[in-house]
Every structure is written in structure tokens, then in C-alpha cells.
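Heads up, the next two complexes both have chain A, just with different partners, chain B and then chain C.
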Partner chain A sequence: MDLYPFFDWLDTSMLADISKAYGGVFAVVQMFHLLGMSMLGGMVLVGDLRLLNVLLKDVPSEQVIENTQKWFTVALIVVMTSGIFMSSAVAMKLYYNQMFWAKMTSLALGVTFVYAIRRPLLKFNHDTIDPWTIKLLAVTSISIWFTVAASGRWIGFS
Partner chain B sequence: MLNELLLTFAQWLDTHQWSTDIHESIYMYSWIEATHVLTLMIFLGMLCVIDLRMLGAIFPNVPASKIAERLDKPMIIGFVVMLITGFLLFYAIPVRSTQSIWFRIKVVLLILAGINAFMFRAKMQASSGTWDLDPIPPKRIRIGAIASLVLWAGVVITGRTIAYDWFDCHKQLPEFMYWAAGCVNELAALEP
Partner chain C sequence: MSKQVILERVAIAFSIAVICAGIWFWGEQIRYVLETLALAEDY
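== the complex of A and B ==
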């Protein structure tokens, strides 16, 4: 599916008018993007490091996952909303940027992984899940979200 | 006087070959900057969880002191990495950074965030026995948590805006801005 029409529309949308004309607004939105990314990373790390038995060992892992999942969703909404606004400033440039597509692919993979695999699986009592499955889940999660953040940063350098 | 001293220091750093090497390298500067930004997820991520607990917004059934103590170590590790990479980024472009209004505000906010963290920790240790298990901590603790989040948000935005040249010394700026940014030569040129 070619998304060119979407990027073409975004490039001439009202969002693009604002993001291109007002550097200050762009910088503030970018701040929310970075703060959202920090919160998302924090929730992923606290949850997954608990699953790996590294952090908060004396708090039940079910409780840690339940608490971090809620704020993960909040952070994801902040990151995606601010990300769309930021993309509008350079929509056509991004369309032709390979690193941007690497980020989008890993983001889609991350969202699918969280809501279709990690969350449904971790709804069960963690004692009933094979420990290696839990560890694999945590390592996969950290790897995916690290890739999302790293490829996002690298867009600026490519 | 202070501006002259800071500029002299920055110019001295600028004469170092390593400073030039980092600045002119194809990938090294990008790697350092990427590490600096990505470590935000460790440092600020942990800080977010601690501050949200202090606001009663997360882990209401876990003692606040337990969350703070357990996440302290990864948070400090993240902070140390950010400090080292942050210094290297400054070292690579010392003169422009020294004369950046955003960098200066960032340093002030960092100091304020440090003072707030120190006071916050002292307040927490002194009184945690009385509210540690409360789902929502007392007002003074919540105010400290909000101050922490606001100050670090300020550090993030000023850190990001260092890249913009809106108030660089070569631009036409009001005299106050030249002073605040430490534009020594431009200020000297304005003197009668």
C-alpha cells in the first residue's frame, strides 16, 4: 500500500502550516514527544526489568505490569500525536527517508506486540507461564522499543 | 566578567584536538548525541515512575519509599551516562554552547532540579513513615513531584532548543539578550 497520498496531504495540511511557520510551537511539541518517549521507555523498562527479575523483585510482577501498562498507553498516545505533528513539517522528506520507515515498521511491530501478544499473555497469573517465555517476552519488548527510539533519533542524522 | 571567563574557558576547550575530532567526525558526535537522548528513557523514565508514585498516580498499593529506593540505582546510572555524554557534546562545540541562551537556561534548570531532588529526598526520608503507605502522599510531597517533572521538562526543551540558532550571537538581538547569552564581542561592539 503506497502511503504517498497521505504524506502529500499531510505536507499541505493545516498542521504543516503551523509546524513549518512556528519554530517555537514545533519545539514545544517536540518536548512532549521526548517526554512521552521518556515515559514510554520508563514504563517498558520498569515492566520488562521486573519480568526479568532485575527491578522491584519484592513487588508482584502482575502488579508492576498492571500499573505500567496504563501509563504506557498514555505515553504512546502522546508520542504518536506529537509525532504526527512533527512529521507534518517535513512530510515529503520523511516519505523518502529509509530510517523513518524503519522507525514506522518497528513502531507498528511494537504496538502489535504489546496489544496482541504481551498484554493478553500477561493477563494470566505469571506463575502459570513458563519462565523462559516471560523472559523472552521482556527481552523482545526492550529490543523493539529500543529500536523504535534509536531509529527515531537517527532520522535526524540521515 | 563571568561571561569573559566562560568564553576564555570555552575557547581553551576549543583548541583541544579531541574537541575538533568529535565535532568533525562523521558518526562519533551522532552516537554521543543519540546515547544522550536515548538515556532519557532510563533516567527520566525512572524519575517519571517515582514522581507519578509521589502524585499517587501509579503503584498506589506499593509503599512510596520502596518505589523510590528500588528505582534510584537505574535512575542514577542513567543520569551519570547523560552527564558524561552531555559534557562530551559541550566539549565538541564549546564556544557556541557557552554563548547559547538555551544552554545557559538548561544549566540553571539542572541546578534547580538538583536542589529540588535533594530537598525532596530529605523531606521524603524525614517523613516517609507517616505517609509511606498512603495511596496519595501529602501535598508538600506532591508539590515536590510536580516541581521535579516541570523542571525536567524545562531541561528537555532547553536541551532540544540549543540546536536552534534563533538567539545566536551573530543575530541582531536586544542588548539584554547579548548579555544573557554571553555574547562578549557583540556587547563590546555596542559600547560607546
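== the complex of A and C ==
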């Protein structure tokens, strides 16, 4: 599936007009993007490090996962909304950037992983799940979101 | 087979695939950086 028409449309859309013309608006949206990313990263780390028994050992892991999952969803919405706006400013440049596609692929994998596997599985009592599966889940989650963040940062240098 | 067992198996298969893909991807990036550094040293 070629997404060129979408990027071509985005490059000439009203969003692109605003993001290219008003540096201040772009800066504010970028601030929300960074805030959302730090929140998302924080929720991933707190949840997964609890699953790995590294922190918050005195709090039931079910409770930690339930609380972090809510804020993870909020952060994901903020990151994706602001990300679409920011990408409109350089849509065609991003289309030809390999690291951008690495980030989008890992983001798609991350979202699929969280909502189709991690979340439904962790709704069960954690004591009934094999401890090594839980640890593997946590390591995979940290790896995916690290790749999303690192490849996102790499876009600027590739 | 219960839903939990299916999810556990899917989680294990997905995790192994993702970790292998991650090792390959970052391995390629590190190899590229090292090659670039070696080229820079030649000049």
C-alpha cells in the first residue's frame, strides 16, 4: 500500500499551512508532543519495571498496570494527535526518511502489542500467569517503546 | 483451550519475533554507524 497520496495531501493541507507559517503554534504543539512522550515513557517504565519486580514491589502489579494503562492511553492520544500536526510541516521529507518508517512500524507494533496482547492478558490475575511470560512481556514492551523513541530521535539525524 | 492460555502463547510468539526483529534492526544501525566511523578515519 503506497501512502504517497496521503503524504502529498498532508503536505498541502490546512494543517501544513498552519505548521509551516506559525512557528509559535508548532513550538506549543511540539511541547505537548514531548510532554506526551515523557508521560508515555513513564507509564511504560513504571508498569514494566513493576512486572519485572524492580519497583513498587509493595503494590499489587494488577493495580499498577490498571493505573498506568489509563494514562498510557491518554499519552498515546496526545502524542499521535500532536505528531500528525508536526509531521504535516515536513510531510514529504518524512515520506522519504527510512527512520520515520522504522518509527511508524514500531509504533504500530507497540499499539498492537499493548491493546491486543499485553492489556487483555494482564487483565487476568497475575499469579495465574507464568512469571517468565510476564517478564518477557515487560522486556518486549520496553524494547518496542525504546525503538519508537530512539528511531523518532534518529529522524532528525538521518 | 482457555483465552488466557491462547493469549500467553500469542504473547510469547509475538515477543520472540519482536525481539529478533529488534536485534536485527539495531544491529544494522550499529553496523552502519561503525562503517561510517571507519570511513571517516580513512580520510
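Here is the rule we use: the second predicted complex is superposed on the first by the 158 of 158 C-alpha atoms of A that agree within 3 Å, B and C clash if a C-alpha of one lies under 4 Å from a C-alpha of the other, contacts with A are read in each partner's own complex, and residues count from 1 in each chain.
Operating definition for what follows: a contact is a pair of C-beta atoms (placed from the backbone, for glycine too) under 8 Å apart; a residue touches a chain by one contact, two chains touch by 3 or more.
Quantities reported herein were computed from a predicted structural model and do not represent experimental measurements.
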Greater chain A contact set [chain C / chain B] = B
Ask   = Which holds for A:56: it touches chain B only (first), chain C only (second), both, or neither?
value = first
Chain A residues contacted in one complex by chain B, in the other by chain C = 154
Message = With touch defined as at the start, can you tell me which chain B residues reach chain A in the complex?
response = 30, 33-34, 37-38, 40-49, 52, 57-59, 61-62, 66-67, 70-71, 74, 153, 156-157, 160-161, 164, 166
Key: Complex contacts: residues of chain A adjacent to chain B   = 23, 27-28, 30-31, 34-35, 37-46, 49, 55-56, 58-59, 63-64, 67-68, 70-71, 146, 149-150, 153-154, 157
Key: Parts of chain A lying in touch with chain C, wherever the complex brings them together   = 102, 109, 113, 117-118, 120-121, 124, 128-130, 133, 136-137, 139-140, 143-144, 147, 154
Task = In the complex, go through chain C and note every residue touching chain A.
result = 3-4, 7-8, 10-12, 14-15, 18-19, 22, 25-26, 29
